[in-house]
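Here subunit A shows up in two complexes: once beside subunit B, once beside subunit C.
After this line comes the complex of A and B, so read on.
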């Protein structure tokens, strides 16, 4: 009886196991494997030494991290107040749906829409002309890249923050007020620390994909910002240097692991339960 | 009479069409243990939240030491609350939780640490300062919640069913501790519960509530011995409630017979209800009995037998007896005049108190022997 149940449970694992093996373990293994081969298919550590000795690659990495940081920062600054505000609303599920809605549209379509809006004759410039500033170069600037990237990432930050605010027991807020805390003190000392897990989840959901953004850098940023994502694309599709591309891929994976560790939940300190 | 520390004047609370509190008047004096007792949804927690400042009265005044505090926000009121689910901050340690209110007030560090240490000592958890909240048992969390509130040295401590999450044994222990704590600190406690046993054990004064109204207030003994109406009699303790008729002062008829009682001031021939507590009924020989009943069933409760019986007219009787009876047996029951309590239909507390005044002296003489 028990053996049968055990086998059944094991069967349920098959779809997930297959998915894990085919789409997670195998690609990562392939990337790591490829990163040890040069253009002539010889085993080498050269890709890594090139990466760490090349000022271009290191600068590109720094660039990626910096822009991902900026995108995450702006996304967070917009998302937290938005999530907090949405949670106070009466028909919050409806408003939340409106926030999520844009994620159903393909990122490329949204990028092209912004090209239209930001172009020389686009809506944004028409408005600037109307108020007397005159047309400006908006498209292909770093600012427009950060703007569009932030726009695209906002729903992924709002959702986890909204959920953590939703999970917050209102008794904590009352308790804080009861002990003499003003609204701001309650927010800083109780609400924010207790919803921090949502912020961390949001940072993970935004920072990591932002590290490897590449279509936006070209379409909106005009390739002025070269991120690691762009580098990988170039190596695989243009220079055909799969080894170097894989090496940068490995670097990205390591960066993700670092971010996950930094934003992960800390082990509880203090005494064990009695 | 000294200035009451908390007073509610004609407080009404409505949510849309629903009226949660109906014209509540109550006064709390300094240094006493008060209990709001009633079934869930009767509005007792709403009163607590109104005093704490988490909700506002639709109409009426909330006074603190004579000053109207309706518009004072919760964080500026000199009352603290122990919440039903404790609401201890999970991201802070025990000591940080207790110190929370003091750090907000920018109290010197040294003073904070001594006051926190004292508060923890008071709830007998002196060594627990460094622990995480999640590492505490329910009873310990409860004490920390009390420590966090009393460290603020409030004039009034509000307790919202703080014992409801504890097991029966711990709850009894905490009843002693809370009572003891209140007497040592000398601050006013306002305790909310639906557990009549808790209320009777701890309070100086109980407010019995139902459907947004205070039905009766008084000492536990007063409320137990002289419930104002069917609801209070039924809610507090166990009771036999029978329909009857007032014949004259100190004379009442029920169960087809006439009995001497301790109540007066009710017009003759008025329909009334009679309360007799099960422990006031004594089993006896049918020959010397006031009433004869047939035993239906009995349960052994440890310190007494709980006996269910029926009289000739079909009224059910509940009797607490030290000695067992036999099922199906006809036995006599007897009681003293002062064990009967007569309740008028629809009598308000003020009328009830006024009526009691008129014959209180006579009753005291007759009940000397108790």
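After this line comes the complex of A and C, so read on.
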């Protein structure tokens, strides 16, 4: 009986294996393959040499990494206390659901809302006028891009941190207090190190998508911020230079692998924002 | 004191999280044409929305792609999870799971761009077919991740009992395994559905000219500026998301309740 079931195992893999081959392995291979071709479909290393010699591309990459870093930092600074306080509430499952709910709203609708809020006569400017600063240009600035990106990523940071706080054994906290540690010492020496895996998972879930958010740079950033994602979209859909687009894609994949290695990919964290 | 501060902080965070959504929906009822000053209540924008034939066709397209792709992805994903669960070698299983997660962690732009190359090379025309295939492709891994834990919870003694009682492989699958893992399958289906409805970047790359989904349409309209019809649309979509979240939550609660009941019986 066992021998029969074992022999049949491969049957289970027909559709799934086909998917793995066609939509996981092949596309990654294709994007690497395409990065070695120029506009005239000739094999070349030119895309890579252009990339590494061009100040524009390198500056764009650094910029993109810098913005992703800022977005991740702000998201983390806001999300950690939120997750921590949330965990002390009575009906925390309900509140957690309220954190998740905005992620179910289409990301473009949220971006669209901010076009209205940040516009010349919008809510934000009305507030600025009210407190006496007067209207400012908010939309199409780097700050507005960072703000909206942070807003969109917050739930994806809160969830893993919340889970790691939930896993934390309260006995450690009590022991630390009994041994005379102050609140701050307890936090710095006990709570934070033990919830670090959650922070790492959150960084993973936020940093990589932040490198590739191209719709926000267009709608909110007014094309002033160019991320790796914007550059790829531009090369693929506007200038039709797929070779160069793929090269930047490969750079993005490498960046992704670096981030995953740095943040210690023990448990793959799903649910990247779309 | 610190408790009050904590609550104030949480209120602030929730206010910021929900402000844009409330803002969108409030202005969907405004008589004006912009999102600046509220001009009094009207259903007008909803009427415009529901008489906009192009928009309705796009909503229908979006729902069709979402339902069809989730259904197919759930089938393939569940089948795949069953396969992964049967692998005996640890190495095989680990590498399968790693491959499974590639699409979960890849940025959307990479998925979109690589699928575009893929479809172009195979000369598959861009449109409904390519969008559907892409959606199925990026939904499968989440279904697998939702179904696998349920499969692991399944005790082998139950399977042995079924086999000893003379169940065929087919009966084992349809009458023992599938009913047991159904909460995972449903959760996977719902997650797939939301992934599909939420996706913009991948669809944007592989959609071509003739075919459009809601996200792509909202993007192109938002680039032209404010149009309160989109606010009305967001009101409808918010309601729809609430229903989906409610459904998902209900399934989770139901499966948890079942677990509790089982524990009570056991003790």
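Observations on the model:
Throughout what follows, the second predicted complex is superposed on the first by the 248 of 274 C-alpha atoms of A that agree within 3 Å, B and C clash if a C-alpha of one lies under 4 Å from a C-alpha of the other, contacts with A are read in each partner's own complex, and residues count from 1 in each chain.
Criterion: a contact is a pair of C-beta atoms (placed from the backbone, for glycine too) under 8 Å apart; a residue touches a chain by one contact, two chains touch by 3 or more.
If you're wondering where the values come from, they're calculated on a predicted model, not measured in any experiment.
Within the superposed three-chain model, A:112 lies in touch with subunit C and out of touch with subunit B [touch as defined at top]. Contacts of A:197 after superposition: neither subunit B nor subunit C is touched.
By the touch criterion defined above, A:222 reaches neither subunit B nor subunit C. When both complexes are overlaid on chain A, the residue A:19 reaches subunit C alone and has no touch with subunit B.
Look at A:46: by the touch rule set out above, it reaches neither subunit B nor subunit C.
Of the two partner chains placed by the overlay, only subunit B lies in contact with A:171; subunit C stays clear of it. In the superposed model, more residues of subunit A are touched by C than by the other of subunit B and subunit C. With the contact threshold set out at the top, residues 268-272, 274 of subunit A are in contact with subunit B in one structure and with subunit C in the other. Within the complex formed with subunit A, the subunit B residues making contact are 52-54, 73-76, 79-81, 83-85, 87-91, 93, 100-101, 104-105, 130-132, 134-137, 148-149, 152. Subunit C makes touch with subunit A in their complex at residues 6-7, 9-10, 13-14, 16-21, 23-24, 27, 34-37, 75-77, 79-80, 82-83, 86-88, 96-111, 113-118, 121, 133, 136-137, 140-142, 144-145, 163, 169, 194-195, 197-202, 204-205, 214-215, 218-219, 222-223, 225-226, 230, 233-234, 237-238, 241-242, 244-245, 249.
Those residues of subunit A lying in contact with subunit C across their complex are 1, 5-6, 8-9, 12-13, 15-16, 19-20, 22-28, 30-31, 34, 78, 81-82, 85-86, 88-89, 95, 97-102, 104-117, 119, 121-123, 126, 151, 154-155, 204, 208-209, 211-212, 214-215, 218-219, 228-229, 232-233, 236-237, 242, 245-246, 249, 252-253, 256, 260, 268-272, 274.
Contact residues of subunit A toward subunit B in the complex are 169, 171-172, 174-182, 185, 189-190, 193-194, 268-274.
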